[in-house]
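Let me begin by handing over the structure; questions about it come next.
All chains are identified by letter, namely A, B, C and D, in their written order; residue positions are counted from 1 within each chain.
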Amino acid sequence: MTGAAVVFLIAYSYQVLARPASTLLTEGIMNVIWVLFVVDYVVSLILSDNRQFWFFRHLFDLATVVLPMLRPLRLLRLFMVLKVLNRTSGMALRGRIAIYVVGAVAMMIYVGALTVYDVEQYSPDRQIDDFGDAVWWAFVTVTTVGYGDYAPVTWQGRLVAAALMLGGITLIGVVSAMVASWIMERVQVGNQKMFTQNLEAHIEANLEAQLSRELNEDAKADAARDAQLEAKIDALSAQIALLTAERNAHKPS
Amino acid sequence: MTGAAVVFLIAYSYQVLARPASTLLTEGIMNVIWVLFVVDYVVSLILSDNRQFWFFRHLFDLATVVLPMLRPLRLLRLFMVLKVLNRTSGMALRGRIAIYVVGAVAMMIYVGALTVYDVEQYSPDRQIDDFGDAVWWAFVTVTTVGYGDYAPVTWQGRLVAAALMLGGITLIGVVSAMVASWIMERVQVGNQKMFTQNLEAHIEANLEAQLSRELNEDAKADAARDAQLEAKIDALSAQIALLTAERNAHKPS
Amino acid sequence: MTGAAVVFLIAYSYQVLARPASTLLTEGIMNVIWVLFVVDYVVSLILSDNRQFWFFRHLFDLATVVLPMLRPLRLLRLFMVLKVLNRTSGMALRGRIAIYVVGAVAMMIYVGALTVYDVEQYSPDRQIDDFGDAVWWAFVTVTTVGYGDYAPVTWQGRLVAAALMLGGITLIGVVSAMVASWIMERVQVGNQKMFTQNLEAHIEANLEAQLSRELNEDAKADAARDAQLEAKIDALSAQIALLTAERNAHKPS
Amino acid sequence: MTGAAVVFLIAYSYQVLARPASTLLTEGIMNVIWVLFVVDYVVSLILSDNRQFWFFRHLFDLATVVLPMLRPLRLLRLFMVLKVLNRTSGMALRGRIAIYVVGAVAMMIYVGALTVYDVEQYSPDRQIDDFGDAVWWAFVTVTTVGYGDYAPVTWQGRLVAAALMLGGITLIGVVSAMVASWIMERVQVGNQKMFTQNLEAHIEANLEAQLSRELNEDAKADAARDAQLEAKIDALSAQIALLTAERNAHKPS
C-alpha cells in the first residue's frame, strides 16, 4: 500500500503541477488507487477481530479514504518504522527523531502546498496562485511565523492550513524538547554523579563504620571470653602440675 | 451548574449562529441561567467560611458572572476532574494531558470564535463577518501563527483574542513539555540504569569486600585463639596421661 | 530609586496618555527624576571597587540613564527579590516564577504600549494612533502571534517591539519549561522510586545474602572448633574421672 | 579561512549597504575570496581520506562555495569552539550556550537582512527597500512574530527567510530548554536529595539492622558455647581439686 501511496502522490503532483489539458490518465490512475485504498480499508475492517475497536484506532485511515489527498501522509509511517526499529542510547534516539522530524516536515510542506494549490485554484478570491507561493506559504505556516502575505480562503485550504499549524506547533515542541534533553542530560549526569558519590560516601562512612564497629566489639568480647577460658585452663594446668610435683616429691620417701 | 452552562452554551450558540428574527426565547433562557449564576455566586460567597479568601480564589467565577459568555469555559473543569481522578504511570499521565489539551483547545476555539463573531457583528469596521471565518481566525490565533487576514477590531473581541493567545502559548508549552518528557524519560531511564548499576558495582566491590575481609580476619583470629586453647588442653591432657601412666607403673611395686 | 521609578512611570503615563496642553509640570518632574538617575549612576560608578567590572555589569543601568523610558522596567527587580527570598520546594518555586512572569509580562505590555504610543505619534505613517491599539499591538507581539494589523514604523518603536518579541520568546520558554517541569516531576518521581526500589532489592538480595552466608560459615566453623575443644575437655574429664575411680578402688586395699 | 570570511562579510556589507557607483574593488575582493573558498574546498576534498564520506559531512561547505553569501555564517563555528572548549558545571554550560545563542542570532539577523536586502533590490514588487526595514523584517521573522508588513517576494529572499525561521524555531527551543533546565535542576536536586535520603534511611534501617541482628545472634551463640566450655572446665577443675584435697587428707595417715 505504501507503493500505491507513492504512485498516487506522483500522479497527483503531476496533475496539480502540470495542469495538463487532458487529465484522463492521471485521473484514471488516481481513481484506481483510490479504489485500492477503499478495498484495503473495507477488507481490513472486516478481517479485524474487534471491528468497533479497529474502527476507532484507524480513524485516520478512514480520513485518507474519504480525502484521498491525505494518503501520502501515511508514508510518514515509514519513518516511524525506522524509529521503532532500534532504540539504544540517548544520543542515537535524538538522532533518529531529528531525521524523522526533518523528513516529516519536508513531506508536510510538500503535500500541504500541493493540496492547498489544488483546492484554492477554483476560488475567485484566491491569494495562492503559484506552486512556489504555496510552498512559501506552507513554510511560513509550519514555522508559525504567519506573515499573512498569502492565506487560504477556501475551507478545504484552511483545513490543510490547520494541519500544517498543528504540525508547526509540534515542530517547535520537538525542537525545544531535543535541545532541553541535550542540555539536561549534560547537567543531570553531573548531578547524578554527585548524588551517587554522596550516597557511596554516606554508605561507606555510616553503614560500613557501624558494622565494622560491631564486628570489632564482637571480636573483642570473643577474645576476652577466650582469654578467660585460657586463664582457667592455665590455672587447672598449674593445679595438676602441683599435684604431679607433690607426688614426685613423695615417691622417694 | 455544569448542566446550566451547557444549556447556556447551546442557547448562546443558537442565538449567535442562527441570528433568528425573534431572540426572545433564547434571550429568556440565557437571562434565567445568568440569574442562576448570580444566585449561585452570591450564595456561595455568603456560605463560605472565609469570605475574603473565597472572593480572591474565585475571581474567575466573578468574571463569569459579569461576562456570562465566559461561563462555558467552566466546562473545562470537567476535564480537570478526569485528570485529577487517577494518576498512575507516566505514560498514562501524558495520555490524560493530551486528551484534556485537545478538548480544551477545541472548546476554546469554539467559544472564542462564537464570542468574537457575536461581539464583532455590530462594529462597522469588522473583518470577521462569518462564523467560518471566526473559527479560522480562532485557529490561526491559538497556534500563534497570526496571518492577520482577520483580526478583531472591538475591545471585547480583542479581550477574547488575548485569552486565545494565552491559550496558544500554553498549548505550545504543553506540546513541548510532553515531547520533552517523552524523550527525556527514554534517555534518562538509560542514564539512571547506568548510575544504579555503577552504584551497585561500587557497593559490591567496596563495602562487601571490606566487610568480608574484616569477617575473615576475625574468623582467623578466632581460629588462632581456639588453636592455642586446644594446644593448652592437649598439653594438659598429656600431663594427666603421664600422671596416670606413672601411677600405673607404681601400682605393681 | 524604585519609588522614583514609580513616580517617573506615573508622570510619563500621564503625559503620554492625557496629552495635556501644558506638559511643563510632568516634563519638570521627569527631568528632575532623570537627573536623579544620572546622579545615582555616576555616584554608584565612582564608589564601586572595580569601576570597569561595575560598568560592564550595569550596562542596563547605563541604558536606563540614556533612555529614561526604560527605567520603569527596573521595577521588575522587585519581583526578582521575591523570587530570591525563599526557595524551598519545587511547587513553590514554580508558583513564584508564575507570579513573577505574570507581573513582568503585564508590566512589559504596559510600558511597551506606552513607549510605542509615545514615539510613534509624530510619524506621518503611523499605524498605532490610540493607546488601546498600542496595548493590543503589544499583546499580539508578546504572544508572537503578530497579526500585522498594527506595526511600529519608527526605529524607536521597532526597538521597543524587538524587546517585546524577546520577552515573548522568553514567555513561551518559561511556560513550556514550567509545564515540562511539572510533567517530568510526576513521571520522574515514579521512575526514581522504581530505581530506588530496584537498588534496595538488589542490595538486600546480593549484599545482605552474601554477608549473611559468610557470617553463617564463620559461625559454623566456630561452633565446630568449639565442639572439638569440648570433646577434648570431655575426654580429659573422663581420664581424670578414671584416675579418681582407680584411686578410690585402691584406697580400701 | 575565518579571516577571509570576515573580509568577505565586510566587503559584501560595503557593496550592499553603500551601493557605490563603482563596485569594481569590492567585487574584485569578493571574487578573490570566492576563488580562495573554491580552492580550499577542492583541496580539502582531494586530501581527505574518504572523499565520499567527507563530501556528505561537508554539504554545508559546498553550499557556501555555491552561494558565497552564506560563507559568513561559518563564523558561527568560532562560537562552537568556545562551547566545546571547556564543559564543566551545569551553570557554566547554560552560560556558554546563552552567549553562543545571542551571538548566533545577532549574526543571523545581520547576514539575513543583508542578503535579503541585496537579493530583493532588483524585484519590482519588492517590499523591503531599506536596510533598516530589512533588519526589522529579519528580527520579526526570527522571533516567529511575522507581522507581514514586509515579506520577501523573490525565491532567493524566501530561502533566506526559511533559514531565519528555522533559526527562530531553534531559538525558541533553546530558550525553552534553558529555562526548563534551570527550573528542573532546582526541583530535581530536591527530589534526588529526598530519594537519596530515603535510600540511605532504608539501607540503615533494613540492611544494617538485619546484619546487626545476625552478628548479635552469632555472638550470643558463641558466648553460650564458651560458657558451656567454661562450665566443663570448672567442673574438671573441681574434680581435680577434690582429688588433690583427698590425697592431702591421706598423706598424714
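Throughout what follows, a residue touches a chain if its C-beta (ideal position, glycine included) is under 8 Å from a C-beta of that chain, and two chains touch if they have at least 3 such contacts.
Just so it is clear, the model here is predicted, and its values are computed rather than measured.
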From the centre of chain B, which other chain's Cα mean sits the farthest off? D
Quick check on chain B against chain D: do more than half of the interface residue numbers occur in both copies, making it same, or fewer, making it different? same
Please compute the angle of the rotation superposing chain A on chain B (C-alpha atoms), rounded to a multiple of 5 degrees. 90
Starting from the mean Cα coordinates of chain B and chain C, work out the distance between those two points in Å. 20
Here the gap between chain B and chain D, centre to centre from mean Cα coordinates and rounded to Å, is 28
Interface hub residues of chain D, defined as touching at least two other chains: 144-148, 172-173, 176-178, 180-181, 184, 188, 192, 199, 203, 207, 211, 215, 218, 222, 226, 229, 233, 236, 240, 243, 247
Looking at which chains touch, is this a line, ring, star, complete or other? complete
Residues of chain D that touch chain A when the two form their complex: 87, 89-90, 93-94, 97, 141, 144-148, 151, 155, 158, 161-162, 165-166, 168-170, 172-174, 176-178, 180-181, 184-185, 188-189, 192-193, 196, 199-200, 203-204, 207-208, 211-212, 215, 218-219, 222-223, 226, 229-230, 233-234, 236-237, 240-241, 243-244, 247, 251
Interface residues, chain C side, partner chain A - complex: 144-148, 173, 176-177, 180
In the complex with chain B, residue positions of chain C that touch it: 132, 136, 139-140, 143-149, 171-172, 175-184, 186-188, 190-192, 195, 198-199, 202-203, 206-207, 210-211, 214-215, 218, 221-222, 225-226, 228-229, 232-233, 235-236, 239-240, 242-243, 246-247, 250
